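Presented sequentially are two complexes of chain A, the first with chain B as partner and the second with chain C.
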Partner chain A sequence: MDTPSGGLVRSHCVGTTAVVYASDYLNKLTGEKIERECRRQLDGGCRALIIDFSETKLVNSIGISILLGIIDVAEKSGAYIVFSDVNNQTVELFEMLGLTRHVVLAKNVSEALLNISRYETTPVVH
Partner chain B sequence: MVTRSSNENFRRVLGRVTQQDFVGRAGELERIMAHAEPANAGRGLLLLMEPSAGVSELLRQAYDQIFNLRSEVIPIYFAITRNESTAVSAAIEFLNTFVQQYIAYRRDEPVVSHAPLTLQDLLELAPPADFEWLEQLVESYNKLRFSNDDKALVRFCLGAPQRIPAGRGRPFVMVDGAQLAEYLNGVVVLGTEILRVFGRGGFSFVLAGLRRQILEAAHDAKCNFELLDLLRLERLNASEAALLVEHVARRQQVATSEAARDLLVQQFAGSPFFISIFLQAAREKRTSLMSYLDCERLYVDELFGGHIHRHFADLLEEISPRLDTRHLLIRLLWEAAAGEEQTSSFEVWRKRLRMTAAELEDVLHRLHVQEFVNWDESTVEAGTGPQAWKDYLKIRYRLDVLNEPRALVVADALADSLKRAPHTMARHYKQIANAGLRELISRFNCQRIPAVLFDYKAFSEKYKGAEPETIIAGLTAETEHLKLPQTVHLASCSSFDSDMRQICEEDHCLVAHTFEEGTYSDAQEVVWLAADIESKLEVDVDVARAWCDRFENLANNLGFTRCQIWLISNEGFSEEASKLLVRQKALSSSRQQLELLASRLGEAIPSPVVQTGDPNEFLVVVPMGEDNELIAASTAEQIARRLTFRPEAINQIKTAIVEACINASEHSFSPDRKIYQRFRVESDRLVITISSRGIVPANLNGANSGAEAAEERRGWGLKLIRTLMDEVEFERVDEGTSLRMTKYLRPGSS
Partner chain C sequence: MEPSTQKLIHTFGALADLGQEIAGTGDFSEMVRTSMHLLLGTLALRRGAVVECVDAGPLRCAAIWGLRDQFLSGFEIDEAGKQAFLKGTAADFLVRNTATSNVFMNRHRDQLLKEGIELVLPMIVRGEVTGLILLGGKASGEEFSSDDFDTIRAMVRHIGVGIHTHRLLEQIAQRAEENKRLYVELRAIYRDTVRAFAAAIDIKDKYTQGHSERVGRYSEIIAREMGWSEEEVEGIQIAGYLHDIGKLIVDRDIINAPYNIDAKNSSELNRHPSAGYEILAPINHPYADIPLMAKHHHERLDGRGYPDGLTDKQIPMGAKIVSLADSFDAMTTDRPYRRRRSFEDVVRDLRENSGKQFDGKVVAAFARAMLKEVTGETKERRITKMLGKGYLEGQHVPTLLSDLIADLENAKANTVTTP
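The block that comes next holds the complex of A and B.
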């Protein structure tokens, strides 16, 4: 079930994966809302995060810097993170600012969930 | 008493400008008008002027208002000028002015106030009801005139207003230029006599003079201070001064820009005197004042040979009439002002100027009255006075003492002024931007505030990213409160330790002396040490530690026993920095917390100013913040569609505009908090100019490399803009930023 939390960010959980939906404009305020929701989900025991950008039309550099912060938080928590349904223009921006080096992109939430399930079942080789 | 008349029949008598053009002294004018009311009969009002504050027009306007009211109050305005050489000649001139203005008022004929008339001529113009007493007045004067008793003559002339018979009106005498009265030749000190005679005359009066001089004169005259009111006349505030520039410029037909206007306001520190004579000079030289260069060129001309030069040259000549001594004085004043130690002893000055103690006392008294030095009998502090005085002094020193080539001194003066101009404005804008913190702390008065507003970590955990309504509701429900102390004194850190000036701007770092519970005891006394740290990211632990150490040192050096450190940063503090601040018992707030605190203390954020547009282009002006960059982006989208840009290109343009707007908002201490967007459509391109007023950011020189930018998580805006647009350049402007971006239309590929 979708849960609009305190910051009104739509999210839901699929097993231990949280799917968080970004709004149409990703800036400081909406970025912080996503960050807050991601932290809440991680604190609640989620092991993977999907941030879905299907509604996102415009992204600014502050929003991108907050996404980098979310990637950091996820890494520190040992959680896997995937961005789904990112439009071409936004992908172009993510590439310009090196975001794609730190995160996996998926076509949609289903593909992102598949990615995560593969990651979780991949044996760790020492 | 009504202070302003909108009556179309209002007649200008002595005012040099119309009522509408007289700006910036409404409160003072009201006080003077109120002083003329019957309730204040017999009372004196001392106008204590800051040098160059300008008072003549204020008194002339008061005169005109009273003249037009046609009440029982008869206005008399007298200005002591440098033309008067003795107290006797000045007193006789006063008598003449009094009779002339009395008759002008009684006949209700303003023109009589200006006509060159002798006392005999005036008697012939006297209304029949007044002829007898005026004739007696003139006869008595003629007898005294040849009596060789100067003091009696001076007192007679000054006392003329009290001879008005009952029922013929009540005089209201305004004397301007009282500072000049002290230095008139002869055995009578006119300033003292004016105060003695007026103080006992039973009529209301206003005496305007330099603040450091006039109170001393009142003491010397043994005035009854219970019958004296004081009105301090200081510089105009920035908005009043800006209005004055606009009015005077219009009157003098001098074209000015907003940037130039604001520079003049700051450069002349809101002095009506300097602003007026500067714009007069602009008219005389037929020069417009559109850029900083225009202003500084004229300023340097003025310093070398214009009105400003003459003003200071006259003052210096009065202070030190002998040329050789004057050169020594210029040398000493400049060397003391420019040196590290600006304070030296009376004895040092006496030896350097080769004067007797009495001579030096006279010189120092005059310098002190003009506020060119601070003199307290034993020590002399130089380096005071307005910027124009310091610049004038430096020029005179280099020309007269060092004998440097004039062309070199002119060139250096111009270059120095030009280099200083952006710094002057930057300081001003930063003061505006930080006025909130100063105002906020000054309002501390034992209010109970949610403690979370002073704890960034707790605030961030609870409210970061939450909707404003959620935050406000949360704050209302908070149970843990901090009781603010009562602030009794507030000053910048640099006022306590000048080294702090190297570290931060004056209003970024404050020291507040406070008392808990408003109880004035040692135990309740706490000194708050607050700093607003400039940072685009969360402040890290090293910066936070450096500030804590800095404040602890300051507290130790100044003997503050109980202190409360409060650090503020736009984006708050890192996890590690927050932990450190908790250990140090320091308070921490982000800009958002500060704004919430301000709203709780009833203090609004500084308001914006309205702007104009250019009719020949698409122009959009939006306030900074509130996602208003989207409005600009949306406008650009509409225009770009008309030019048949492809969707990808439109998106690139929109993103570039959003980034440019964010840059404009983040990088400038904008005075009007507005972003100006100009869209110019050409056949093969769209040119967009995004500009804002404020400080030119030091890092926006176009030289930042991609590698450097990628290292930081913020400051990517320009990199993105350069990548997304075809041409990007900063346009040369005196202040603020103006970024021009061009996107070419490429058929088939755009």
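The block that comes next holds the complex of A and C.
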């Protein structure tokens, strides 16, 4: 079931994966709401995060900084993070700025979930 | 889109947002935090902090992202450190550059690198280091290019000026608040001084002790009832306190004559409004027209007053108020040659003399203020206290006042104004 959290942010959980939906313009206001929701989900025990950008048309500098913060927090808590359904223009921006070095991109939420399930079943090689 | 074009658009958008943020009048901490995010997001830097240099001593953290809050404790910058930043080139701002002579970098290098800080740039305003911006590496893992340096330095300059301006505005607001407090204190001192002066005036007349103080208070009550502003109300109160200041030059024997005085002495006594004006006019009062109110408080609407024989519209409204307050106090206090008049008698006098001696609007306002006290609408019973126990009591009092107000309002409605 979708949970509206902090006004504009929708989210839901699939097992230990949280799916958080970004709004049409990822700026300071919406970025901070997404960040709060991601932190809440990680604090609640989620082991993976999917941020869905299907409705997102534009990401500004503050949005980038906040996304990097989310990546940082996820990395520190050992959570896997996937960005799904990112439009071409934003993909170019993420690639140019190096965000794609730290997250996996997926076509949609289903593909992201599949990606995460593969990651979770991959045996750790010592 | 070419990556270089996209980068340019992204940077340009961030600069535009930064300008807007810095020019805004919002919360200081929020402005710094947002500015830092804009800088980090422009080049996708993973962590950063904005710190202010407050004289000599520990750096004050204004915003931090991706770093431990306690990370900056123990960081200090002295004059030598500031000078190193003022004279430094781009290479001196790189934390990894061990060849630099920058004392701050050399002192804190290990700690900075441990936290992932790669660049430390000074915020310079008017040739002074006002703070530092600490930046982590790029998310892309690439080294900083010269273009990156130009972008960062431009944004750091903006942020530095923004912080400096906000701090200046804070100081101005603080000083304005302090000045406001001093002004209020000064006004209170002025008011207390004037009250003390009023008491001194009244001491000269042994039969009218407290008269000036009461005239000041009645005037204030009337003006407030007439809807005057707080400042105007304060002004009229002062005028009430000082209205008889001219009596200081009148012979004490004339003022204290136990019975009605003769024409010669009366003429001497009647000099006091003009004398009051002469005394008050050279003083720079914080309120308007106080000398004029003192000068004209014995004028009458029918032109039979003194010193100038002014009529209705020629008399300042403040003087009309003080005039009523003065007469009312004279009627309601004992004098050496008579007892004070009954309230019925006073109301009759006010009704008969409205439009002749007193302005009907002023009398009606005073009557309304009294009615509010006797009906309990006004909790603070200031007029009642001044008049003493029993004077404004009795079932007939509200009726007397209501009838007076109604009569004055009817008279006003029936007045035909001729062009």
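Some observations on this one:
As a working rule, the second predicted complex is superposed on the first by the 124 of 126 C-alpha atoms of A that agree within 3 Å, B and C clash if a C-alpha of one lies under 4 Å from a C-alpha of the other, contacts with A are read in each partner's own complex, and residues count from 1 in each chain.
Going forward, a contact is a pair of C-beta atoms (placed from the backbone, for glycine too) under 8 Å apart; a residue touches a chain by one contact, two chains touch by 3 or more.
Here the structure is a predicted model, which means the values were calculated and not measured.
On the shared subunit chain A, the superposed partners chain B and chain C overlap sterically. Using the contact criterion defined above for the overlaid structures, shared-chain residue A:Tyr25 touches chain B, although it does not reach chain C. When the two structures are aligned on the shared chain, A:Gly98 is found in touch with chain B and with chain C. In the superposition on chain A, A:His12 makes contact with neither chain B nor chain C.
In the superposition on chain A, A:Glu35 makes contact with chain B only, while chain C stays out of contact range.
More residues of chain A are in touch with B than with the other of chain B and chain C. Once the complexes are superposed on chain A, the part of chain B occupying the same space as chain C corresponds, among 349-357, 385-393 or 529-537, to 529-537.
Common to the chain B and chain C contact sets on chain A are residues 60-62, 64-65, 68-69, 89, 93, 96-98.
Chain C meets chain A in the complex at residues 1, 3, 6-7, 10, 13-14, 17, 34, 36-47, 65-66, 138-142. Within the complex, the chain A residues that touch chain B are 6-9, 25, 27, 29, 32-37, 58-62, 64-65, 68-69, 88-89, 93, 96-98. Against chain A, in their complex, chain B makes its touches with residues 464-467, 470, 627, 629-630, 633, 648, 651-652, 654-655, 658-659, 662, 710, 713-714, 716-717, 719-720, 723. Put simply, chain A touches chain C in their complex at residues 28, 60-66, 68-69, 71-72, 89, 92-93, 96-99, 101-102.
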